[in-house]
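Please find the structures below.
Same chain, two partners: chain A is paired with chain B first, then with chain C.
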Partner chain A sequence: MSAQATDEARYLAAFEAAERNGAAHDPTWLRELRRDAMAEFTRAGFPTARRGNEPWKYTDVRSLASTAFVAPDVTEPLGEIDLSPYDLPCPRVHQLVFVDGRYAPQLSTDPPSEGERASHVFFERGDGPIVGRIAEAAHYDVPLVREHLGKHAGAAAGAFTSLNTAFVRDGAFVSIPDGVSVPEPIYLLFISTARPERPTVTYPRVLIVAGRDSSATVLVSFESLGDGAYFTDAVTEIVAGPGASLRCITLQRESDAAYHVSTTNVTQARDSSVSTVTVDLGGGLVRHDLSVLLAEPGASASLNGLYLGRGKRHVDNHTFVDHAVPGASSDEVYKGILDDDSRGVFVGHVLVRPGAQHTVAHQVNKNLLLSDGAEADTQPKLEIFADDVTCTHGAAVGQLDPAAMFYLKSRGIGEAVARALLVHGFVREVVDSIADDAVRQYTDDAVMAALRAG
Partner chain B sequence: MLEIHDLHASVNGVEILKGIDLRVDAGETHAIMGPNGSGKSTLALVLAGHPAYEVTSGSVSFDGADLLALGPEERARRGLFLSFQHPIEIPGLRLDHFLRAGYNEVRKSRDEDEMDVLKFDRLIRAKAKDIRMDAALTKRSVNEGFSGGEKKRNELLQMAILEPKLRILDEVDSGLDVDALRSVADGINALATPQSATLIVTHYQRILDYVVPDAVHILIDGRIVRSGDKQLAAEIESKGYEPVAEAAGLAPAGGS
Partner chain C sequence: MTSKETVRELETQGYKYGWVTDVEEESAPPGLSEDIVRWISAKKEEPEWLLEWRLRAFRHFMKLLEDKQNPTWANVSHPPIDFQAMSYYAAPKPKLELESLDQVDAEILRTYEKLGIPLEEQKRLAGVAVDAIFDSVSVMTTAKDTLAKQGIIFSSVSEAVKEHPELVKKYLGSVVPYSDNFYAALNSAVFSDGSFVYIPPGVRCPLEISTYFRINAEGSGQFERTLIIADKGSYVSYLEGCSAPMRDTNQLHAAVVELITMDDAEIKYATIQNWYPGDADGKGGIYNFVTKRGKCAGANSKISWTQVETGSAITWKYPSVLLQGDNSVGEFYSVALVNGRQQADTGTKMTHIGKNTSSTIISKGISAGHGNNTYRGLVKILPKATGARNFTRCDSLLIGDQCGAHTVPYIEVENPSSSVEHEASTTKVSEEQVFYAQQRGLSAEAAQTLIINGFVRDVVKRLPLEFAVEANRLLELNLEGAVG
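Right, the complex of A and B next:
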């Protein structure tokens, strides 16, 4: 217990240092939000217990908790960073880049600059999206940020969310005004330099507010430039207004030594549709908690994911769909490819609350095991308290079809490429659920490159 | 081009091929006929390198190389092609991606440059047109939801693109109506070159009305019991396999 106390104490000390250093200009509500979150984190602690700890029974975070991560050194100038490997195959229109948690204006487009321009960016645009920094939005006390930041990923979401909120200073704020459709993808890129010297921690934060009948695609990417150990504690809050249509793709390619814990909370109003696609191609220990609240009738959510396990990678996806009202629908497809000694976990919780009639909820998790050492754990959790509903779930664990392998080889295709093609075929339906051409192509290339790299 | 000597092969410890001898030269078309269970498809699959079949003795040389020492992909790269009796469906793998991967692997093995997507797309469209196949099918998953005729035509498309030296066609007419049969046969004939050879494996004579063989071999119980010209196929068509089997002192396998 004393070891655990020091783990949290390290973060408390870092928190207090950060609050003393430059937090004075932040609005009171933000400082209170952080303080309350730190108190909650200190109270709850890391979920390290190995008994009676249902949400973390497949994922052991003791090594994460005991590693002394430090804040990245922000006094060092950013070196030259070549972003070309991360270019989407379309014009750069809305792109925000953070390197080791620090906003990188030279790598970003549409820079929300100082003074009048910033106030223009945050308050007066009605024709296009706001793609700006949380730090500046907080500085100008943008009402949408005050209204939503931390409200959708509350303390109940867990210690990692609290920890992120305790350190929230910057991040990406995306707002799509009512009735606005954004044709180009909005690209939020979080890069870790992953230097081997000292393990660092960053707290990427994203807030997306989609107005009434608005439409947009957002790609959130986590990339690594090195192979050192670090900890990414990410939180994304998504608010979809009535009739809004939002596609949010998360591409995770952290280093093999990285800890990546992300929490995404989606709140959907009447007739909104939100599609999330979570793609895990990297990381050492990876955990996603994706929660979708279908708060009003007519809301529909699609949750898709694919994860690639290599080496000793551990990828844990926990999803929770809350059918709180009648007449909402959800559709979920997660596919895992597990090789070497990797492990994939999928826990899909669907809650149909009393009175949520005419709910339609489908869930599928399929895993492909490519080695004897790989492991897949899949657990559907359906809690249904209404009687007029359509709910299905399915899970499967299988191996590559030898007949298909032979077919490919009989056309001259060698073992490695044949495997990559078949595995790619297995996950293609997930990639194809990305509607935006450029983001789909980019994701598909990333998946194929990761498959061929093995 | 292909020389088979005393080939024996087993699956799960059961001997299926019991000593096959066969020689096929460039420019020739040979037919292997036999009743169900005689080992026809086994022969085709053994030649293509299917891992489920164990060659217990004998030898096969292909263009002077020891075929049995090569993996299935290497055989394909050297110009051996098997048109499958039952082409498999592969959900998620787009046919054009599959075709391009095979084509480029074959080119790479010959130290030729890989072909890019756009050029290959043109090649596919031209080849599909040649064999009267709807090119839109190549944007779908391999054989998924294809009709029997579309699957066979897809095998033909792969053959057209890979331009093999030795074409082994296993029951290429199964599941085809007479119009589809004629059209697939036209494709087979059109793709033949003086440098290529064809081995047609079939239960029925009817495909041989369209793709005329230089030699016909009757395979019963894992052995070639009789060889002849195309008249032999007509004889089988009218009298069945039984007289040939009896003359060889065998009951036709699978006939009971």
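Right, the complex of A and C next:
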């Protein structure tokens, strides 16, 4: 118990130090938000209990909790970073890059100049997307940020969310004004230098607000330049206005020694459609909590995911779809490939609340187990309180079809390539759910490269 | 006929087995203590080892109770149970040494007649051997002689303890140890009676063996314990049925059932559970907290659970199979119906340990009124279980907009050569199907019944004929409102 207390105390000390240093010019509401979140985190503590801790039954975060992560050194200048491996096969239009939690202006796109972004005018435009920093938006007290930051992923989202909120200073703020359709993908890149000397912790934060009848694609990428241990505690809040159409792709390629815990909360208004695709190709211990609230009739959500388990990787995807009103629909497909001594966990919870008639909810989780040491745990959970609904779920765990392997081998394709081809075919469905050509191509290349690397 | 009307009718229909039999009962004073455990053991003239085992279970239970380790994970809610307020033993008095039916108390016989239990001589010809358990004590075991000729032992556990102590000692608690869970610990401490079946090697049991449970006395709990052992190459089909009088107070039924199959043996275990579910407002009814588990200890053995759960205020029950022997097979077929304020949290656990083991789970849940029905299951494939297979299908049918249907399957796979499939769906009775049937001249009610019968058919057809008839009758009774 006392060790537990010190784990949280370490973060409390870091929080107090950060609040003393330069938090003074933040607006009061933001300082209060952080303070309340820290209190909540201290109260809840890391979910390390091994008994009766259902949401963390399959994922043990004791080693994460006990590691003394430190904040990255912000005084150190950023070295040269070659971004070319992370270029999308399309022109760079909207790109924000954060390195070890710090905004990297030289790597981010214009618009515009730094000066132009840092003005009221930038945050008030109505003719195009606003891809800016939370720090600046907070500085100018942009109403949308005040209205939404921390409101969708609150205390109920768990200790890791509170911890992120307690340290929220910067991050990406994306706002699509009413009626605006953004043709190019918006690219948010979070890079960890992952130097082995000392383990660092960062708190990437993303807020996406899509206005009425707007449309956009956002790619959130987590990349690593080294192979050290570090901890990424990410929170993304997505708000889709009436009739908005939003596609959000998360590509996670942290180092094999990294801890990656992310919380994504989506709130959808009438007739909006949000599609999320979560692709896990890296990390040591990975946990995602994705919650979608279908708050108004006609909303539709599509949740897709694929995870590749290698080495001792542990990937845990928890999804929750809340059908709070009648006439909303959700469709979910998660696929896992588990090799070596990896472990894949999927817990998909669909709740149909009383009165949410005419709900359509489908959910599928499929896993390929490729080695003796791998393990797949899946729990597709339906909780239904309305009768006029169509809900299905399915789960499967199996292996590559030996007949298909034989077919490929008989045509002169080697074992490794044949395996990669079949596995690629297996996850193709998820990659294909990405509508944007450039993002799909980029993701597919990343998946194929990760499969070949084995 | 609107679904609202259906719901109302479903809610208001009565419980047909709710009378009380007026026989003199001998019961233990309410309360749970070491003395009560000793008293029960002494009453049953048990050997020292069994008393010791009960006491170990009792101490374990009291520790769990102290540490507040009572299970809270199930999707059911009820006020805390006062384990000191109930009586742990009730027996019809005086206890007779029963040789034939005319020695059984006439009131009890009438009770079983009302229940439609084939207890009489001529019914034996119908091929059913019955062990009837009235409150805590086994009243009568029929067809014992016929079975004995083949070397089959079918008796109450109390008798088996006296006559075959070596078998009971060897197997009691070998599948469900007293430390298994909260209610198993309680049962192990205070279990009163139950059925004991042993099928010798190579014997195919010629009769369906059956037990009927009835809770009669007020304020008593029933804690029966059933132990079935199928030795190498043997086969037995076992049926149990349950009912209880209508009472305002909740009664606890915490049974333990253990099944063991050796090489090439097979046990089919069927349950029709129709304990009193409480009234429309959720007052009274049985808390049915049961631990049932089978162990396929031998290669090529098979254990099959079939259950039709229509009664009880709360059902908390997960008939499970440990698939230890290579090529062993586990099956679980279930229909669970909730109505009124009933709550059911039921499912199964299939633990694949041996090679090429396979399991099938078919679960059909029907929710009506304000009932809540949860399927909770675990399919676990351990690393050594090469070539293991599982197929799971859980479907839920909702009748009315005040009920709930939930599915909580856990799948844990640690062997790459195994394959596991799970499918589930939740829907209401399709308007299109009703319309189609109506077009062909059926009334809406008849159409609904037809559709529900079709929905549960996969499970009901697994039951032995006599039970299939009873199951259909029970489901019809419970859906009488809809049938009109």
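The rule is short, and it goes like this: the second predicted complex is superposed on the first by the 442 of 454 C-alpha atoms of A that agree within 3 Å, B and C clash if a C-alpha of one lies under 4 Å from a C-alpha of the other, contacts with A are read in each partner's own complex, and residues count from 1 in each chain.
Here is the rule we use: a contact is a pair of C-beta atoms (placed from the backbone, for glycine too) under 8 Å apart; a residue touches a chain by one contact, two chains touch by 3 or more.
What you see is a predicted model; the values in this text were computed from it and never measured.
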Fit or clash - chain C, chain B, common chain A: fit
Contacts of A:Arg411 with chain B and chain C, given as first, second, both or neither: first
Contacts of A:Gly425 with chain B and chain C, given as first, second, both or neither: first
Chain B versus chain C as contact partner of A:Ser371, first or second or both or neither: second
Touched partner set for A:Gln357, first chain B, second chain C, both or neither: second
More chain A residues in contact [chain B versus chain C]: C
Partner chain in contact with A:Pro402 - chain B first, chain C second, else both or neither: first
Contacts of A:Arg198 with chain B and chain C, given as first, second, both or neither: neither
Partner chain in contact with A:Thr392 - chain B first, chain C second, else both or neither: second
Distance in angstrom between the closest Cα atoms of chain C and chain B, superposition on A: 17
Residues of chain A that lie at the interface with chain B and also at the interface with chain C: none
Chain A - residues contacting chain B, complex: 401-404, 406-415, 417-418, 421-422, 424-429
Parts of chain A lying in touch with chain C, wherever the complex brings them together: 52, 54, 354-355, 357, 367, 369-372, 374-399
Touching residues (chain side chain B, partner chain A) in the complex: 48-51, 71-73, 75-77, 81-82, 84, 87-88, 90-94, 97-99, 101-103, 105-106, 109, 141-142, 158, 162
Contact footprint of chain A on chain C as seen in their complex: 3, 73, 381, 383, 396, 398-428
